[in-house]
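Pasting in a structure now, in C-alpha cells, and then I'll have a few things to ask.
Which chain is which? They are A, B, C and D, in the order written, and residues in each are numbered from 1.
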Amino acid sequence: MTIRVLVWNEGVHESTQPDIAAIYPAGIHGAIAEGLTEVLGDDVAVRTATLADPEHGLSEDTLAQTDVLLWWGHIAHDQVDDEVVARVQRHVLSGMGLLVLHSGHFSKIFTRLLGTTCSLNWRNEGERELVWTVAPTHPIAEGVEHPIVIEHQEMYGELFDIPTPDDLVFISSFTGGEVFRSGVTFTRGHGRIFYFSPGDQEYPVYFHPQIRRVLANGVRWANPAARPAVDRSIPAVANPDREWYLSR
Amino acid sequence: MTIRVLVWNEGVHESTQPDIAAIYPAGIHGAIAEGLTEVLGDDVAVRTATLADPEHGLSEDTLAQTDVLLWWGHIAHDQVDDEVVARVQRHVLSGMGLLVLHSGHFSKIFTRLLGTTCSLNWRNEGERELVWTVAPTHPIAEGVEHPIVIEHQEMYGELFDIPTPDDLVFISSFTGGEVFRSGVTFTRGHGRIFYFSPGDQEYPVYFHPQIRRVLANGVRWANPAARPAVDRSIPAVANPDREWYLSR
Amino acid sequence: MTIRVLVWNEGVHESTQPDIAAIYPAGIHGAIAEGLTEVLGDDVAVRTATLADPEHGLSEDTLAQTDVLLWWGHIAHDQVDDEVVARVQRHVLSGMGLLVLHSGHFSKIFTRLLGTTCSLNWRNEGERELVWTVAPTHPIAEGVEHPIVIEHQEMYGELFDIPTPDDLVFISSFTGGEVFRSGVTFTRGHGRIFYFSPGDQEYPVYFHPQIRRVLANGVRWANPAARPAVDRSIPAVANPDREWYLSR
Amino acid sequence: MTIRVLVWNEGVHESTQPDIAAIYPAGIHGAIAEGLTEVLGDDVAVRTATLADPEHGLSEDTLAQTDVLLWWGHIAHDQVDDEVVARVQRHVLSGMGLLVLHSGHFSKIFTRLLGTTCSLNWRNEGERELVWTVAPTHPIAEGVEHPIVIEHQEMYGELFDIPTPDDLVFISSFTGGEVFRSGVTFTRGHGRIFYFSPGDQEYPVYFHPQIRRVLANGVRWANPAARPAVDRSIPAVANPDREWYLSR
C-alpha cells in the first residue's frame, strides 16, 4: 500500500536568501520530496507543505491522511502555531510516523515529544562528516555505506540533550574531531520518531544519494501500516468488559 | 549534606471531602512529608506546598532551593499554571529530582517531560496490590519487601502510555489479575524522574511503612548532589575554546 | 519468501511419560510446528528436530538452511552437546532468529547468549495465567488479545535473572498474584531472540490459538530475511580500503 | 568502607617484549593499580594478579574478597582456564563489579557475559583519540574533561559487536575519522560491568590523569557495597513462604 508522506519545511531561507535558493531551487522540501520519490517510486505518494500555508499546511484533514511526516525548520520555530504543534503531537501519539531533520532538533514538535531542550554543540566550517552505522540490522541502515561521506557539512556535536533513544543507528564524526549521535529513534505512544542530523540549508546534503537512502528507509520504518493495527484510543477509563476478572 | 525536599500536593480532596480529610488529616502532602522524615531523619529537610499557595508554592526562589520535588495531583491538573509547569520543567532539566506519584501520571509536568498521554487503565474496587521488585540492585529497591502487600488500593493497569523507561524497578499485580509497571525511572536533561503508582486519596497508602521506604529511597536516588556536579548550562552554542581542534 | 523454521524439542517427557504423551501425542515440537503452519500457511516451511537425532538434528548444514529456530527443553539441558550449542550461538550471531520457550530459560543456548543464570521463581498448581501486552505496536503483539487467558499453567514469577531486554512485550500475572516478564526480546550480533514463557509439558498451552498466534508473530519478527542483508562477517581486522581516511 | 580491588593483567607483553616493559616497568597492572591508589587513596585497597599466578591469581578465596575486578588481556586470552572464567562469571552475577579494559573485549569473561563476538575494527597508527562524554550525570563521568585528549592511541572503531549497553557514557573519535562506543555499561545478575577502550600496551595511556580518573570512577560505580545488599541466591525454586498468596 502506498505510503502517504508529507514533507514539511518552514521555507524561509529559500524565499529570503538567494544563495540558499540557488542550492535548493525547489526548496529544501522539494529536494527531500524528490529524493523520496527517487528511491521509493510508486511505494510512496509525497506532498509538501510550508510555514506560509494556511494552518502551515497541517490541517486536521491533511494529517489524518498522512502516514509519515518529515519536519525541517531552523529560524522560524517560534512562528509555528502552538495549536498546530499539539495537533501534530496527537497524530504522532496515534501512530503517524515522524522524521525530524537537522536543525529541527529545536522545533516545538520535537522538544514537546522528547521533553528535553534538545540542544547541542555546533560550528559551521564546512567540515567533512562521516556517518557510521552502529546498528547494521536496523531497517534504517539497509543498504547504507559504512561510513557515509559528506564532504561539507555543519558540525553538530555532543552533548546532544535528548532522552536515551530506543535505537542508536548512526554516529557521526567531523574533521574537528567532534562526535554526534546523528541517527536516533524514539517511540512515543503508537508513533515512531526518527531524528537524523545530516542536512543543512548551506550544503546540498539532501541531494546526496546515501542521505536520500536513509530518509527513504526512515519513511518505510516509521510507516504505521507496517506495524500492528492498534486501537488508537488508548484505554483511559475502566473497561466494563474486564470486570469479570474481578468476579472470577 | 541535607537533601532539600519539597512535597507538592494539589490539596483539593482533603479540603472539600471530609471522608478524605479523615484518612489524611494533615493532607496527603503531610503524610508523605512525615514518612520521609521518619525514614531519612536528619538527612532530609522537608517542606510542603499546595495549589492554593501563591504561584502554587513553586516560585523560582523555592525551586532554586529544592533538590527533589514530589508531585501529587488528581482532579485539579488543569488549574496548574502553564508558566509554573515550564519553570518546574526547566529545573528538572537542570538537575532537580522529581518523584511523580499515583494520579500525577496525568499532571502537566509529567506529560510534558515524557511527551505521551501517560494514560492507563483503572478501576476502584479496593483490591489487593502486590508490588514486585524486578531490579533488586536498584537503589530504589533497597530494603524493600518482595512483594510489598497493600491490602486495599485502586487498580492501575496496562496499557500505561509512557516511553520506555530507563529502569523498570517494580511491577504490580491486582486481585483482578491486571498488571502495571508501577515503579519506573526516566532521565530528562540532568534530572532524574521516578514515577511510583501506589498511593490514592481513598486509601491510607502513604502511611504504609514499605511505601514510605520506597519514597525515601527515591528521594535519595533523585538527589542531584549524589551525582556529578555538571555545568547546568548545556552547551547550545559553539565553544570558542574548542576551535583549536579544528586547527590542529 | 518462505521462512524456513526448525522446531527443536528435547522430546524426553513425551517418550518416557504416558501422561505427557497423552497431552502432546505428536510431541511438543509437533504441536508447535502444527500451530505455526496453521497460522502462517505457505509463508513457512517447518521442520522438527530432537535431542535423540544425530547431532541433535542441528548439523551445520541444517542450521545453514534455517531462518528461525525454536527451542524447547526442560530436563535434559545437560545432555545437549557443547559443540552444538556453540554452533547454534554462531548462527544466531550471524543472523538466524531464535525463539526460546518456557523452561528453555535454563537451556545452554539461552544462558550462553544472555550471560546470566536466567533463573526464576516457579510453582506448579495449575493457576490461571493472564498475558498482558505492554508494547501494542510491537510486531509480536499483532492481533493478540489483551489479555490472553490461559486457564491452567505453571506459574513463572520474578525475579527473572536476565539482562534488561531490548523490548518488553508481555507481562503475565497468575492466580497467586505473581508477575513475570513473559515476552521479552534481545538482539545478539545480527540475530534476534524472543523468549516467551507460556507453555508447559503438563498443560495443552501450545494448542491455544492465541499462543500459536504469538509464536507465529515471533517467527515473522525474528526472520533475518525481513531485515537488511548484512555482511555476516563482522569486521574484526583493519580494512585497507578505509586507510585513505587517515591520509586525507 | 574500603573498596577491595583486584587488577588482573595477563602480563605477557611486559615479560617478553623489552619495548613494552620500558613503557610499563611495573606492568600494565602496576600502572593501573598505581593510578587507582593515586585517585582514590585510602578508599581503596588494590592488589594485582597475572596469568602466571596459580589459578591465575583468581582463586575462590581471592574472588570472595574482591569487590571490583579489572581485566586486561590481549594475546593470551586462550590460555585463561575455562574453570576460572566460570568462577569469575559466577562472582560477577553475584555482585562483584567488573571493569574490562581495551583488548579485553576479546577475553573469555567478557564474551561469556555478553554472549556476542565483541569484535571491532582497529588500526594501530598512533592516532589522536578524543573521548567525548555523552552522559554527563553518570557517576563514571564525574570530573572528566570533555573531551579527554589522548595524543597517541590504537584506533578502535565501529562496528563493535556488543548487546545494547545499559548506559552509553563515552564515544571516541580518531584522527582517521572513525568513531567508537568507548565507555559502555552492562548489568548482569547483581553485578555491574564497565567496558572502557582507551589503553594499549604500546602507549602510556594508563599514566594519563584523565584515564586514571575514569577508571577510579568506574571502580566506585561498580562497587557492590554502594548498592542494596541483595540476597545473592536468586530464587530458583518455589518459596513455600509465598504459598499463602495462592490460598488467600
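The working rule: a contact is a pair of C-beta atoms (placed from the backbone, for glycine too) under 8 Å apart; a residue touches a chain by one contact, two chains touch by 3 or more.
Remember, it's a predicted structure, so these values are computed and weren't measured experimentally.
Just to note, of A-B and B-C, the chains joined by more C-beta pairs in contact are A-B.
Taking shared numbers over all numbers used, the chain B to chain D interface scores over half, which places it in the same class.
Work out the mean CA point of chain B and of chain C, and you get 37 Å between them.
Computed from the mean C-alpha positions, the centre of chain A lies at a distance of 31 Å from the centre of chain B.
Each of residues 128, 130, 136, 159, 164, 177-178, 187, 245, 248 in chain D touches at least two other chains. Chain D meets chain C in the complex at residues 89, 93, 112-117, 119-123, 125, 127, 159, 161, 163-164, 166, 175-178, 186-189, 234-239, 242-243, 245-246, 248.
Partner chain A is touched in their complex by these residues of chain C: 95, 128, 130, 136-139, 141-143, 187, 190, 192, 224, 227-230, 245, 248. Across the complex, chain D is touched by residues 128, 130, 132-134, 136, 146-147, 157-160, 164, 168, 171-173, 177-179, 181 of chain A.
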